[in-house]
Structure formats: C-alpha cells, structure tokens
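Next, two complexes with chain A in common: one pairs it with chain B, the other with chain C.
And then the complex of A and B:
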C-alpha cells in the first residue's frame, strides 16, 4: 500500500486542521480515516463495533495538489486506518508559525517500527535554510474484512429538514437546556418554525425560532403545516455543538420522525454529519 | 405559537398579581447570580420593588433590593396579602441566561415575568432579536426566613469602603481560612482585618486615611469574628459593587451593604447579614 499527498493550499490545511480538532474535542476514542482516489473520509463510531454515527468526506482534489494512492488491492483501491484526531490536529497546528503558514504539508504512509501517517511540514523561514517539521502519527491499518463496519449508513430522507444560520445562539440555548434536563425535545414545522423544549420537575422551558429556511419537507395535499418532533439525549447534541471548531456557517437539522436526528455542520463545501438516535421518555 | 414579549395585551395582565418587564436582563442576572450561594431564593414584591432573599443555615442571609425604577414596567396588583414566592434560583438563572447574553455585549435579552399568585408557576418570556423563550418555573412554599434584627440604634461601628481594593484584599485570603475577624478601635485610626486558619494567621491594617476608606465611625472598640465559610458568601456581591458599608452592632451581628450601579446608571443594593462566632470562654 502506498499513499503520498501534498497540500499547498492554506485554506485546505486549515479545513483539515479544524476537522481534526473538532473530532478530537468529541473525545472519540478512535477515528477511522478512509483514503480513496476521490475522497478522504473521516468517520467515528459511538462504541467499538456499533455503527458509524459521525462522518465527513473531503474531496482529494480540494485537499491535495499531488496525490499517489495504491490501496489494498487494485480492485479495492482504498486504505483504511484508525488514528487519533488529536495527534493529527496537533501535527497540523504546527504548520503555522510566527512567519505565516507552511509552504507545504506532505502526508505519507510510512512504516517506522509500526505503521504511521507522517506529516512533513515545510515551514517558511527568514534565512536561506528552510525548516521541516516531521510528525509521525501512529495508525492501525484496518483489514479489508472490517471495512464494511466503517462505512457510513444510508441515512433515510428526513421528514423535515431545516437550515439554522444562528449557530451560536442554538448552541447556547441547547447548552442551557442540557443543564436543566438530560432530554431535549426538538420540533420542526414545514412553515419554518423550530422549537427546542425540555421539561423537568422544576418547570418547562421552550425556545422558539421562526422563519427558518425549510430544505426538505413532505408534500401534504391539504396544505396544512406538517410538524415532526422527537426526543433526544441533550448531552449528545450539546457536546457535538460544543466540539465544533469548523467555523460552521450553518447547521442543517434533518428530523426523521421518532427515529433520529441527522445534524450536518457545514463550512464552505465541508459537511460534517452526525446521527443522534431518538429516545423514548 | 410563541407569544411575543412586545405584543402582550394589557388587559391580560390583570389576572396576574405581579408583572414586570426589563429591556435588558443583564443587570438582574448579575445581581441574582451574586447571591446564588444557595439554590433556593424567596422573592417579595412590594410597591417599591422586588426583594430577593437567600439564606444559609440561618447564619447568613443576603437580600437584593431591586427598585421599580430599574424595570421598564412594574405592575403589582393591590392585594391583602403580600406577594411572595420561592423558587429554584439555579433554574431561574439558567433561564435568564438562555441566550448567553449576560456576559457578552451582543444584542440584549428582554425579559417579562408574570406571576398569577399562590400555587401558580412563574411565567417568563425572554426575547433576543426574533427568538423567544418561554419558561414556566414551579414556585415553592415560602419558608420563614431569619429576622436579623439590625437597627441603626444598636450600631456601634460603621465604615464605608471602595469595593475594588477591598476585593483585592479578600481575594488574597487563603481558602482554608477558618475565621475572619474585624477589629475597630475608637482611639486608633485603623481597621484591622485578621484571618485565622490552620495555615497560620494574617493581619491586614487599613489606615483610616487611606483612599479606600470613605467613612470611619467607631464609637467603641470592637472585635467581631465570623466563620469564613459564611462570610465568603458575600464576596460575589462585593465583586460587582462599587462601594460597601460594613456595620456591626453590639451583639457582633455583621451587616454589609453593597452599592451596585448597573450599565444604565441605576443603583441597587445588596444587604448581607452574618451571625458572629461566639467564643466559648
């Protein structure tokens, strides 16, 4: 197996750094990176052995100006590995120094006593001598038989999907509601209303957002407003939003009636997907 | 559908014993947060404004006085009985800070509170830009509070100090301190502050002529001792105040009054009473 990629665009390096930082903050024990000719996909399972609940696919064309990939086999031209997002984030963060951003960041699959993803960072310097910083991030290669476990699931089309631009406000409100109760009720309507609510012995608390753009809703023939709602674990969504280091431009909340919430954090053309299962009271 | 704060019809208000409105929740939030040393607070609504009391172990008590001038609207229905209720102050504070504006300079959160009477919950409406939060907080039975009978007649010593320098002095107190002692002498122009703990003793002398003392009245020598664990409950109120008056009576009861000016220039007071430690000599 062989992998070599060269990043020269500061924006791409920043995007990858932010993604690694976000995944690191989510305190995922281990994150999977799948490299193919077209995509670099990071994914995360809730627990070992359970399905993928979080993933983000970046286009190789946007990340790397040069790319060489020879996967497991010619037929399965991919490389799949476990690695620590925190180590990736700290390697990439060193690509900024007082003089500006790195000239280039090269990623390479290497074997240094054990398999590693090596980050070679060429830093700018005042004098004639360029400086190179090398980080070896240890990885565990995933055998082909286990690849299906790390594929993200087919997400059903949501009953209602709305776009939320006031990301900071939603994050703050969800954080306060999480402190009041462990369960959060989310209700979205096809007229653009979003309600976040919780109930405890101490009282009931509900925040109403209006005029949210509706991305997806089911057609109802009678023209009535369609409403979908579900209860989720408040801590999960609060932690997702608190981990966000992406400079998220907007959130997309896809509600699948009584089954799950599909959250997408979007920054530019990068989309981080997160699935939160509905809970019953 | 959420009820907009600004469109509540006046006629509705007659069913409520108490209704008040504020354009910016920040000042009331910080006042109440500074006396949040116990989860339970008791609210008394009178014609001159709101009094909020928090008590700990019948040894110390804080009362925040919020005059009607602070509110944009304050309507109290004339009733035979006093209007009072208790509630979980932690929950109320989370609601007041639902949009996270208490500590930031972003657009203000407007507040409306309505209380229908005994047995009914507190209804809150908070609005920031076009997002509305509705809360209904359960009220609790009002328990009798200790009556710290502090009359001007029994006052033997009174000093008024600037809060900022006093705050620095108290911030330097070792957290494991057991006793805080105030010593005032009629024939010596100093305030002697002494702290005693297992780590040792510290004495701080403040000269009567120093900038930080604005008033010094000492009729007879006095030494007053307080348990630091009770005394330190006043320190959050000190932190947000501009001036503090410290008075002790012949029984050693401490009364501290903190003068707090909000962003609009309105003044509120927080009073703190603390029982002295009695020496078993």
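And then the complex of A and C:
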C-alpha cells in the first residue's frame, strides 16, 4: 500500500486543519480515514461497532496537487485507517509560523516501527533552505474485512430540507433550550418556517425562525403547507455545533419525519454530515 | 545587604523571578561583592538556574561587607533561601507605577523585605520570611563546551511551537551545519498516542552555530521555554553551550553585560543507544554526574534530611511505561562519584561460605522460613496467645 500526496494550497491546508480540529472537538475515540483515488473521507462512529454517524468527504483534486495512491488490492484501490484527529490537527498547526504559511505539506504513508501518516511541512525560513518539520502521526490500518463497517450509510431523502444561514443564532437558541430540557423538538414547514421547542413542567418554550430557504420538500398536490417534526437529544446537536471549527457558512437541516435529522455543515465545498436519530418522548 | 532597583529594571527582575518560578520552588538569594545571585534548582536536581545582577543594575547597592555593623553580620554575607511563591506575588501585578524597588533584610536576617515605592507616594512593602540560610552552587564549565549556538529567542520559540506542550523532553542533534530537534520518545515501546516530530534548522538561521563535534543530546523542555520567554521579553539573544560527552549538561545563557546575565544548566541524557538497558545505564550515570555537579553547601544550620535525600532520576519522563528508569540497578561500571545513593548490597557473607547466592539472598529476606520452628513442640507461651481471631469465621460475608 502506498500513499503520497502533496498539498500546496494554503486554503486546502487550512480546510483540512479545521476539519481535523472539528472532529477532535467532538471527542470521538477514533476517526477513520479512507483514501481513494477520488476522495479522502473522514468518518466517525458513535461507539465501536455501531454505524457511521458523521462523515466528510474531500475531493483529492482539491486537496492535493500531486497524488500517488496504491490501495490494498487492484479492485479495492483504497486505504483505510484509524487515526486520532487531535494529533492530525496538532501536526497541521505547524504549517504556519511567524514568517508565513508553509510552502508545501506532504502526506505519506510510512512504516516507522509502526504504520504512520507522515506530514512533511516545508516552512519559510530566514536562511537559504526552507525549514522542514516532520510529524509522524501513528495510525492503525483497518483490514479489508472491516471496511464495510466504516462506509457512510445511504441517507434516505429527507422530507424537508432547510438551509440555515445564521448558524450562530441557531446555536445560541439551542444552547439556551438545552439548559431547560434535554429533549428538543424541531419542526420545519415547507413554507420556510423552522420551530425549535422544548417542554418542561414549567412551560413550553419555542423559538420561531421564518422565511428560511427550503432546499427540498415533498410535492403536495393540494398546496397545503407540509410540516415535518421530530424529537432529538438536545445535547447531541449542541455538541455538534459547539465543536464546529469550520467557519461554517451555512447549515442544512434535513428532517425525516420522526426518524432522523441529517445536519450538513458547509464551508466552501466541504460538507460535514452528521446524523442524529430521533428519540421518543 | 541593601539595594535599590530603578523602575525599568524592576520589570526585568520581575520577569527573572517568573522564569525562576517555572524552574524551582525555592529562591536562593546570594548577595556578593559585585551584585546578587538569584538562583534556583528544580526538585529533581536536573535543572539549575542563576541570574546574576551586577552593580550597574542597581541604583544603589551595598552588600553587608560595606556596612559598619556588628561582627556577626559582617562575617558572612546575608544569603538566604525563600519560598518562590512569595517572591512571585511581589511582582505579580503589572507595576507600571513602581518608581523604585528596595530590597533588604530585616529582623536580624530573618525577613527579606521587598519595598516597592510607587507613584503618588504609595509604598508597598512585602515581608518574605527566610526559610534557611543556605547557598546553592553548581559546578560546571561553559568554556569547555565544544558546540556553541547563538540565536535570537524568536527562532527557538518558533521552532518549539511545533512541539506540543505536553512533550517534556527534546533531543537536539547537530551535524554538518544543521540542527535537528526531535521530541524524545521512549524507544522501548513506540507510544501509540504521540506524534513523533522532527524539526530541522539550517545553521544560516542562527546568529552563530559552531559545531566542534557532532552531538546528540536530550534535555527537558520546560526550563528552556521559561528562559526563552525571559529572553524574548528582554529582546536579548540566547546562547547555548553543549558537548557530546554523555552526561555533560547543556548551558543556555542570556547576557546583558554589564547589567546582568542569566544561565540555566540542564541535565542531559545522551541518547545514542536505543536499548532500554543502555538507557537505564545512562540515566544512572547521569544521576551520579548530577550529584557531583550540584552540591549544596549549607553555611549554617544543615537540614540533615535534605542532604541524605535520595535523588530521583533527573529529567525522567513521568510515564507509567518507564519502570526501568525509576530504580536502575547499580552496575559495577558506574565509577563516577556517587553521593549517598541507596544501593542494593549483595555483599559476601563470610559466615556462609559455600551457599549459592540465591539462597543467600533468600536467607536474608526470609529468615524464618529456614528455621526449624514449625512444629508445635517449639511454640512458646507467647505463640499460643491468640492475638486476633480469624476474620473468616467472624462476619458472615
């Protein structure tokens, strides 16, 4: 198995660093990185053995200017590994120093007493030659038999999908509602209304957002406003928004009636998907 | 001893004490004819720091030898050891209003007084009790070091940014006009949750890098970081002196002649061999060299517990995977001076010539097992008295 990639775009390095920091903040025990010819996919399972709940696929063309990849076998031309996002984030923060950003960041799969992902960073220096900083991040390779466990699931098409641009506002509201109760009710309508609600013994507390752009909704022939709602664990969505280090431009909330909430954080072309299962009252 | 420090230098003194506080917990203040030494050593005796403030640093300086005082205080300088935390609190606030700082002893040498004379006739006085009258001295020689580097502190701070804060030790290798910094990892087992980092710097980046001999040394990062922050605050270059001889310390200096100079001496581990055994060997030799390098010379009352204290391994990483370093066995090859290290004595027992060594050791530890005392005929009256009942029979567990 061989992997060699060179990143020269500072923006790409920054994107990768932000993604690694976000995943690190989610306190996932282990994150899986899948490298294929087209995509680098980071995915995360909630607990060992359960399905993937969070993933982000980055296009290799955007990250790397040069890429060499030889996967496990010819038909399965992929490399799968477990790594710690916190270590990747700390390795990538070296890509900036007082004199400027790195000239290039090279990633390599190496075996120095144990498999590592080596980051070789060329930094600008006062002298003639650039300074090189090499970080070896230890990884665990995943055997091919376990690959299916780490593939992200097929998400069913949501009933309604709403785009939220004011991420900060929604995050503040969710944090406040979370203090009142652990369960959060989300309701979206096809006319662009979003309602976040909690219920406690003291009363019902709801925040209404209006005129949100609706990305997608099921067509109803009779022209009635279609409403989809579900209850979720407030802590999960609060934690997701708290770990966001991506400079998210907008959120996309896909609701599947009483089953699942599909959250997509988007920054530039990078989409981080997160699935939150609905809970019963 | 009595001295007055002008306002500009109060900040420097404050920063110096902050740096010292990051290294040790006790501050040794030793006035001498030309100035005052502020020194400290860390708990493991692996780092020694000294700040020497010369006469020109002070507005007014008089050591006790100039004072016409009673014969007692004239006989010896008023040296002392005080708690670092107390001195730190004197300089904690920003002190922009301080016009002058007076430093002197009171109460017959039992109290050290910091008096901050501030603007608007405000005067803040801190009385710091003296713990002990003791000097601290280290034997080291900077000039014999064959490798020397001089650089602006920014360069090293930048380089150290790449090493995470939780990494305690760093290895620097110099060869062929290049310096490589590496974080130190235990070579016995590869740590699965640490990043191994390597950072290369060309000699052109330094103000000066003289490599007399190719060297690879490992030392603690915390104290170096403290000195670098001091150097950056004062905008002064840092110089380093080291050698390749195993166990020789590395010395970092910040010079601001004629006002003051600062030096920290850090114990090193020569990490040329990668086997665990040789590591434990080098740690032992390091510890013994340290003991000869750092010798406390108490002048008046000696605290006996301190001098007989067993010195733990210097610069040992405090990870649980390191049982070999905590209690290394003393091997016959260590012939450097060792002060009071408790040894596992397996001396020849003349009375028992002919017994194999294992049995000898067992007899030392388990004498009763070898006594023919197990049959009931030999039990004395004392043995028959039941001192405690069986715990099994008592409570119904």
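Heads up, the rule we're going with is that the second predicted complex is superposed on the first by the 281 of 281 C-alpha atoms of A that agree within 3 Å, B and C clash if a C-alpha of one lies under 4 Å from a C-alpha of the other, contacts with A are read in each partner's own complex, and residues count from 1 in each chain.
One rule holds in what follows: a residue touches a chain if its C-beta (ideal position, glycine included) is under 8 Å from a C-beta of that chain, and two chains touch if they have at least 3 such contacts.
This structure is a prediction, so every number in the text was calculated from the model and none was measured.
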Looking at chain A, does chain C or chain B touch more of its residues? C
Using the superposition on chain A described above, determine whether A:91 touches chain B (first), chain C (second), both, or neither. second
Where does A:127 make contact in the superposed view: on chain B (first), on chain C (second), on both, or on neither? second
Name the contact category of A:173: first (chain B only), second (chain C only), both, or neither. first
Does chain B (first) or chain C (second) touch A:112, or do both, or does neither? second
A:138 in the overlay: touching chain B, chain C, both, or neither? Say first, second, both or neither. second
Between chain B (first) and chain C (second), which does A:202 come into contact with in this model arrangement: first, second, both, or neither? first
Identify the overlap between the chain B-contacting and the chain C-contacting residues of chain A. none
Once bound in the complex, which stretches of chain A touch chain B? 166, 168-169, 172-173, 175-176, 179-180, 201-211
Which chain B residues qualify as touching chain A in the complex? 2, 88, 91, 94-95, 97-100, 121, 128, 130-138
Please name which positions on chain C make contact with chain A in the complex. 154-155, 158-159, 161-162, 164, 190-205
Can you list the chain A residues touching chain C in their complex? 84, 87, 90-91, 94, 97-99, 112-114, 116, 125-129, 131-138
